[in-house]
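In what follows, structures are represented as structure tokens.
Two complexes follow with subunit A in common, the first pairing it with subunit B and the second with subunit C.
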Partner chain A sequence: MAEGGAGEPPPPPRAPLERLVLKNAAEHHYLRVSLEFPDGGVRLNAAHFKQLVVSALKELHGEVGAALPVDVLTYDEKTLSAILRVSSSGFVKLWSALTLLGSYQNRKCAFRVVQTSPFLLALSGNSRELVLD
Partner chain B sequence: MAGFAELNLLALADRKALRAVLEAAARLGYSTVAINHVIDFKEKKQEIPKPISPSELLPSLPIIPGKLKPIKIVTRLTLVVSDPSHCNVLRATSSNIRLYDIIAVFPKTEKLFHVACTNLDVDLICISVTEKLPFYFRRPPVNMAIDRGIYFEVLYTPAIKDSTMRRYTISNALSLVQICKGKNVIISSAAERPLELRGPYDVANLGLLFGLSESDAKAAVSTNCRAILLHGETRKTACGVVYTMKKPQPVEEEEETLPACKRAKTQV
Partner chain C sequence: MVRFKHRYLLCEVVAEDPRCRHCIDERAVTTAAKGALARAHGDYGLACCSIAFTVKYLNAYTGVVLLRCRKDFYRLLWSALPLVTHLESRGQRHPCFFHTLHVGGTIRSCQKFLIQYNRRQLVMLLNSCTNKEERESIQQSLLGCFLQEAEEEQFQSGEEEDDCADTD
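For the complex of A and B:
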């Protein structure tokens, strides 16, 4: 028997609209940096490089800054460039300490921060220079 | 987006060094730089020199990586004033001041700071970073300067060289930002060597150290600098609206064949 709408079950109640906000900010920030000397010819091994980074943090942010967990993930001695990893809370401190570093063992130097990203994969390319052929 | 600008590169006497600094600035990504001539009136009476013309400095301007345009070079004059009589040169119309694109003043006393914020026709007020502030900032003159479109400049190169300067820079910048609430601040270097320059994003990060918010810090290197250049241009115009340009004269013979009423009127 074809009854009308009276026999149909009532529509299921709609679930109340829900909004989920996931604030999973990345734990670490990665920086690709390169150390520049005016006339080159300075050798630094990885340990000295890390010590330089920590001393830069200590000069600007004191003992608390120097205690920041910084890791040197890769280091290339020929070009003096490295990838650093730091926890996100200390990112601004590390970057400002690297910017304001002026000298290493009485020789003028400059840290050039080439790329930064919360994702390590992003450091492999520069999306602003993508060319679509 | 407004390109990044570095509005304080000291005009060194050595052209080669200046060229090296300009090339470093282009390589780091700055679209506009200003070559700064500093005049200190404390010494014996100084004449205002003519600005360096960018074309004679570098025959071909270095190209910014990532863009196709070459770097833009403007000229800037900074007057270090410690006495009210030094400001008279700004009102003189015959001196070489008209040839500069940006005019900045570096007041050394509280009275001069007040005069600069309220009366003087300048684009930038420099804040001292190498010594303890000789006066405290007060809100009324700072707010008047913000209304007039004047910006405050903080230098970062002294902070790279010396640790006492670092303390002064940060403390002076913090007190400035507290009073002006982060508006109308730019950060620039007073670089004499290419190694003293830092990239634009590095400088914007320094702004965070000085108490600026993230958007203010990025504006300190880009948007505010563009506003200063436009403010400097309004000095050459009438109320910032009307430019005068020399129009090339039309050829003589055309005018003789037509009667006076049919001759082309000068067009705007």
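For the complex of A and C:
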């Protein structure tokens, strides 16, 4: 007959289960956008591009929208594509302003939003443009 | 109950020029407020606040204006009002600004506030008036409103407050 538990050391006290839930959304949202001109042949440098974005915001959302902190992180002049960064509270305002922008200097244009993500790393790969050999 | 809820903004039009008061009319106030909304919040803000936008009450002598808008967008209107710089009517421009006194959910709550505010203003005017005639007329109106207040209290002592349901 063995008194089983008498000689064994007492089991270590269990740490209380602690669950941490962080609901803080990311501070910034990143968008990969490209500007399309159906008539073609327009050249914009980075400063003009940013001015176009800010003027789109100003048209739809006024002074408050134009004051939204938007950054152009990369810009490619040949393809007119860029990566924009905006604070998360202004994400909807920026996207709606880009959607409703119709013209630049009396020429028709359209913003195509290719990818968005709260993480910049996610914009490095796009599975839609993946080419399988 | 499903209904449209509104917010009523009680504002005072403050201007240096005493002639401005007589030129305040509904159309001038509407144009000024919508212009400020378009500048501050763009097409979106203008459209949102114009859904149920009206000037509900206007007092040309004291310059008090009561504006109404939807409850969801009252902040847009409230933040755009300080950007009003002038009122235009009949081709004349009068520099002025809007001083927001109270935001209420019903016209009745704004009216209650306005009555109390006017009483306090009368007391302040009494302290600062220079003329004997002015002093007498202000004292008479003050006596008048305190008598009315005493009568109202007698009537309302039996009633319960059942009009606080709309302050949502």
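Simple rule for what comes next: the second predicted complex is superposed on the first by the 107 of 133 C-alpha atoms of A that agree within 3 Å, B and C clash if a C-alpha of one lies under 4 Å from a C-alpha of the other, contacts with A are read in each partner's own complex, and residues count from 1 in each chain.
Criterion: contacts are C-beta pairs under 8 Å (C-beta built on N, C-alpha and C of every residue); 3 or more make two chains touch, one makes a residue touch a chain.
Everything quoted here is computed from the prediction, not taken from an experiment.
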Which superposed partner A:V113 touches (first subunit B, second subunit C, both, neither): first
Partner chain in contact with A:W95 - subunit B first, subunit C second, else both or neither: first
Subunit A residues touched by each partner, larger count belonging to subunit B or subunit C: B
Which of subunit B and subunit C A:E18 touches, first, second, both or neither: neither
Partner chain in contact with A:E8 - subunit B first, subunit C second, else both or neither: neither
Contacts of A:G65 with subunit B and subunit C, given as first, second, both or neither: second
Common interface positions of subunit A, toward subunit B and toward subunit C: 59-60, 96
Residues on subunit A engaged by subunit C in the complex (per definition of touch): 57-65, 96
Touching residues (chain side subunit C, partner subunit A) in the complex: 37-45, 79
Of subunit B, residues touching subunit A in the complex: 28, 66, 156, 159-161, 163, 166, 193-199, 201-203, 205-206, 208-209
Contacting residues of subunit A [partner subunit B, same complex]: 36, 38, 59-60, 92, 95-96, 98-102, 108-110, 112-113, 116, 128-129
